[in-house]
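In what follows, chain A forms one complex with chain B and a second complex with chain C.
And now, the complex of A and B:
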């Protein structure tokens, strides 16, 4: 009897996950059940597929942001990198360059994203500058350079190889309420998520990211090459952003340098909701994916519930405050219980 | 060095006092290093654009525009500086300012629909209501940060979304027209050739400067930012300080809202969307340490002017807003890198400097 009562909290803790993924999953499930009861139109395959479809791009961005946040930084330049890479690629393919095909186009975009990431990483690792400030600066530079030197025109016709993908579905299910399509680009998003999860969990590089985010000085003394790892983190984040930008352009079937403006903070909110600590050292791909999907489900259910779309931002803001509020109160309580100094959660904005 | 001769004593005393005076002056120069750099930057920026395009840049209209654009951005930048002084950040400033402007416009329009004369008379009440909205927003931020212990960047990221969302839902995404004509009159009039709004900006800057450097609250805010642990062990009520700081930033946002609507009798949810990042640039450029503990109001005021000069100089040279965005980013990164390199050099040179001599 006593053994069982001991095992239950243990099992509960296991279910809850290291970063409250379990709690998030329960919230998500509760929301889905409540919405399905309130509005039967919600619990259908087309809705599920459309939520998945709208989660693709935010998820890819969120994965890059997650990596940066785990390393103890914050990146607000990823949207600018995404637009820069995607728009420049489309522009290059249009202006006479032989059609590189889908693979070639992606390779070009990823290369651009990686090089912009190098700039971020170099400034941050070399000068040890606050990441928020650096990425704020480079965001302005990237966006300004794109609009000044690459172009500011709206492009409505994508190269054929890219346009073809935008109408390709993975499979199609006929339901009484209409056909449900699962977009083919879900595949790269899922692959990227699984890949990053593996890197973060099982590679030396992944563990170094956690170590640096936990305590830079300790990581350095443990023999981790902090500078190299940091640069790599921003290069990969830049590449991810470029991939997200390309997919956004393909799915929207048009390219404009003004897209994705203002989406930075929404993505960061989703990652933080997913249990990543803004101070670094904590976070998981599963939690991030749940956070992204939760935000999309809320958007979708607000529309179905007839709430004007103007309230979407407010809803996400409230959700963020509740999420981080609970985390803050819980960590304050636990730090009071164990005699550990409570300053770690009072530290303001990590650089 | 000093001569021990009795006859030269007065001279050596004079020498001593001159020495002491120099040291004090040099000390001032060193303490105000950020300010000195900003002064140089303002003058250089002004001189460069004045030399390149004197006909447009030095015209009265352009100079008046600089003086008209600076106040709203400057007041928000000072608020950002205050938040950074405690080691925090406030991303919700512009959203609060817009909400304050929207409140004033809505109140005016509602009263004016029944009785236009009464609406004009209620002008002070409307003004206070707008500022009160800012204070309320700031108090909510403060409670989340000090009461619940949410990190400032996350708390204000959340409230930014909430305040902005409320503003969007309230206005339906449209621009509201209408504000007391007295306010518009103040916004468009000048004293001695300088817009009244600029005097408001100077007044706010001086007031915050006095609060930060001359009051117990300001001292505590600085200590809290410099070292939260030390501040707590010195008996400083951290929570109260944080709460007051964010109430103060909210108050400044409310004032910025008044400035918004005084310049243009309109209010909308997405006004000044680019200001959120711009004011961080200004605060950091003005010598504010984003990790807390150090900032000067004068530095921030000068940084505001610098960026406005660069912005209008770019316009005068027919460069686009996008090129201005590049310049803004480059200035920010360069200023930070410069500061960091200087710091490291100073840390490195500290050891030999300790040697007696």
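And now, the complex of A and C:
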């Protein structure tokens, strides 16, 4: 094969991205164009900003889940951790503890999230238990412990330091259809995404996560400290969940143990649609961000189209299955393609 | 640098003392001691399951010994840790490669040494030139940006070799490195081995190809059932002596084929089979009870023909008849329905569920053959099949619940065979059935094939191994450039004739 004939497929490969990010971007774009044609109210800055706003919390959760999925696991306890950390923090600040300020509140919540993550990580790494089962179990434990020991009351008034952030906007743009506000908490979400992208791409810790997701035994033989890395992954995932929980509470200006119930589906769907492989070893922050936005755009479109909210969940469920289905088909296709590739290569072996 | 090797009994780079290792009830290693001098190739020989891979894993820190010690550079370790091993310059090319399928070739080559250096940051851009350098040094053609899972077995092996050589190894251990390589690639590997030797690297080399062993090594250590029975200079051994030490008995490698009744029915008939770019006009027949050999160079089209018969990559012209009726072979299911079974070349990735038990693997392909009248799984029949095949094929493992990953090559191969026999196919194709299998197991596997054929199966053996074809095949088909150029029968089925026709 000559260099010239390889150039085009190579360029396509580059455009498509390692995890089909390119394909996802095209789908997202197509959906936005279609929605805008169908309903001009969609294609406005306020809509765009509101989609970004509603993507903040899912994105932060999704980043934690992404890391776990790349390492070859799955985490369904993040929502429970988020609620536990955020609600406990708000309760603590309410019940007389001096107002720690925004930083203090976040520090406390993140510490709680990290501790719960340690529990997940320890059980999974030390006893080599299936991650789905462990996190399903801890999810129940965290929820139960929260209701029993911390409380079940709905809290409508947040400490002032937190309440203040909820109304802060990064900037405001006036448009003919009204003012558009971009919420300030977009900033930490974007920073976290960029930070994780860097960790995954450019640190040995990040590469070890991919290696472990690819083949645990090979990782062990290569001298990667598998247990330590796995625990770290779940600790970081727990911390991210706590951050997401805090931001959710701040943006909703209230706290209750009942929030975020069932959000696991949306998040896992977004990560898988974003190209992360449920078998581990593959996935990117860019893909995940696109997946999160895609899910939010779909929700938004369904609302605009007047689809009853009960059906929205169904739509995401369908999406998740399509996402996984595409992965499965693509991997079958590519393994078949490689058989054919080899046939051609072998032909070139001088007989 | 040869001076180091000549300086009398120079001190060994690696010593292994009185290693004992058990897995549950199985003693894999029983008081094994070895030493390795700088600049020598020590060959580790022994039947499948005698403990070679386990010994290697203990040296590299992938497994901990029950007792014994490992001495590197005068430092004594009661057990190794993978990073310590890599830091002391011990590099291993594992039998299953232990590569990361989801990462690129370049990253696979670089990552292990980066881990050993305890680096914190990783740069894909910096990794590439380093990987390129080693690939160029070895004169290989590897696509550095391809994911390893997309590579052929040979390229995976080459990637593993590059990974081992990218950091300065002082001890290089290769567990059956030549199994998946072609002749040219093996020759190239041996050039590399010689170069490393002259640099003072000590090499431990595991291979079942005894002529290869004797060509490359200075000393040979032979293990039998976890014990080190002999360590001797290679010049004092010949293949026969090695085989004797390995098995403890004389082996019979001569031709044994059943008398085939000319009237016995034709189970498989190919008429003008073709696939553009791969093979054309392939016609032959297979009789009930016959073992038919198919040989040719790698890339001649022999594997593609088998894959067509198994529906993996369907043919685009010609007709296949099973028991006289034309069949459609567009998918693997079509082939299975037609009673065709296929044991692929790369048994580690294609044939088995490595983490599942032997029992699960044996039965995995044939739930439909073991149902009750009501369509539920007939557990008694399942158990009988599993136990029957486990015993008949003499799989060496504590019991049928052992995971396949823990088995040695020859035993894993028997499980693949058992899986297909559980299905009772009319026609069974095997690609390289004894690749990576020791001579004792090889003789037994050929025996099993003969017995199955005698019981009425039609068997096709695709192989490079001329003596093996001669030992068991009634007829041998030679494929060249996608065409069947020769069908050898009777006295023409001889090692020299086959080699000559293949190379012509």
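Operating definition for what follows: the second predicted complex is superposed on the first by the 331 of 351 C-alpha atoms of A that agree within 3 Å, B and C clash if a C-alpha of one lies under 4 Å from a C-alpha of the other, contacts with A are read in each partner's own complex, and residues count from 1 in each chain.
Criterion: a contact is a pair of C-beta atoms (placed from the backbone, for glycine too) under 8 Å apart; a residue touches a chain by one contact, two chains touch by 3 or more.
All values derive from a computational prediction rather than experimental measurement.
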| item | value |
| --- | --- |
| Touching partner for A:324 - first (chain B), second (chain C), both, neither | first |
| Partner contacting more residues of chain A (chain B vs chain C) | B |
| Which superposed partner A:143 touches (first chain B, second chain C, both, neither) | first |
| A:213 touches, of chain B and chain C: first, second, both or neither? | second |
| Partner chain in contact with A:272 - chain B first, chain C second, else both or neither | first |
| Partner chain(s) touched by A:314 [first = chain B, second = chain C, both, neither] | first |
| First, second, both or neither for A:203, with chain B first and chain C second | second |
| Chain B/chain C common contact set on chain A | 341, 343, 345-349, 351 |
| Touching residues (chain side chain B, partner chain A) in the complex | 86-89, 91, 144, 148-155, 157-166, 168-169, 172-173, 225, 228-229, 232, 238, 273, 277, 280-281, 284, 290-292, 320, 322-330, 332-333, 336-337, 340-341 |
| Contact footprint of chain B on chain A as seen in their complex | 74, 76, 123, 127-130, 132-134, 136-148, 152, 262, 265-266, 268-269, 272, 278-279, 308, 310-318, 320-321, 324-325, 328-329, 331-332, 341, 343, 345-349, 351 |
| Residues of chain C that touch chain A when the two form their complex | 60-62, 81-83, 85-86, 92, 94, 98-103, 107, 111-112, 114-116, 119-124, 150, 152, 182, 277-278, 297-300, 304, 307, 312-313, 480-481 |
| Residues on chain A engaged by chain C in the complex (per definition of touch) | 201-208, 210-211, 213-215, 217-224, 277, 280-282, 334, 336, 338-349, 351 |
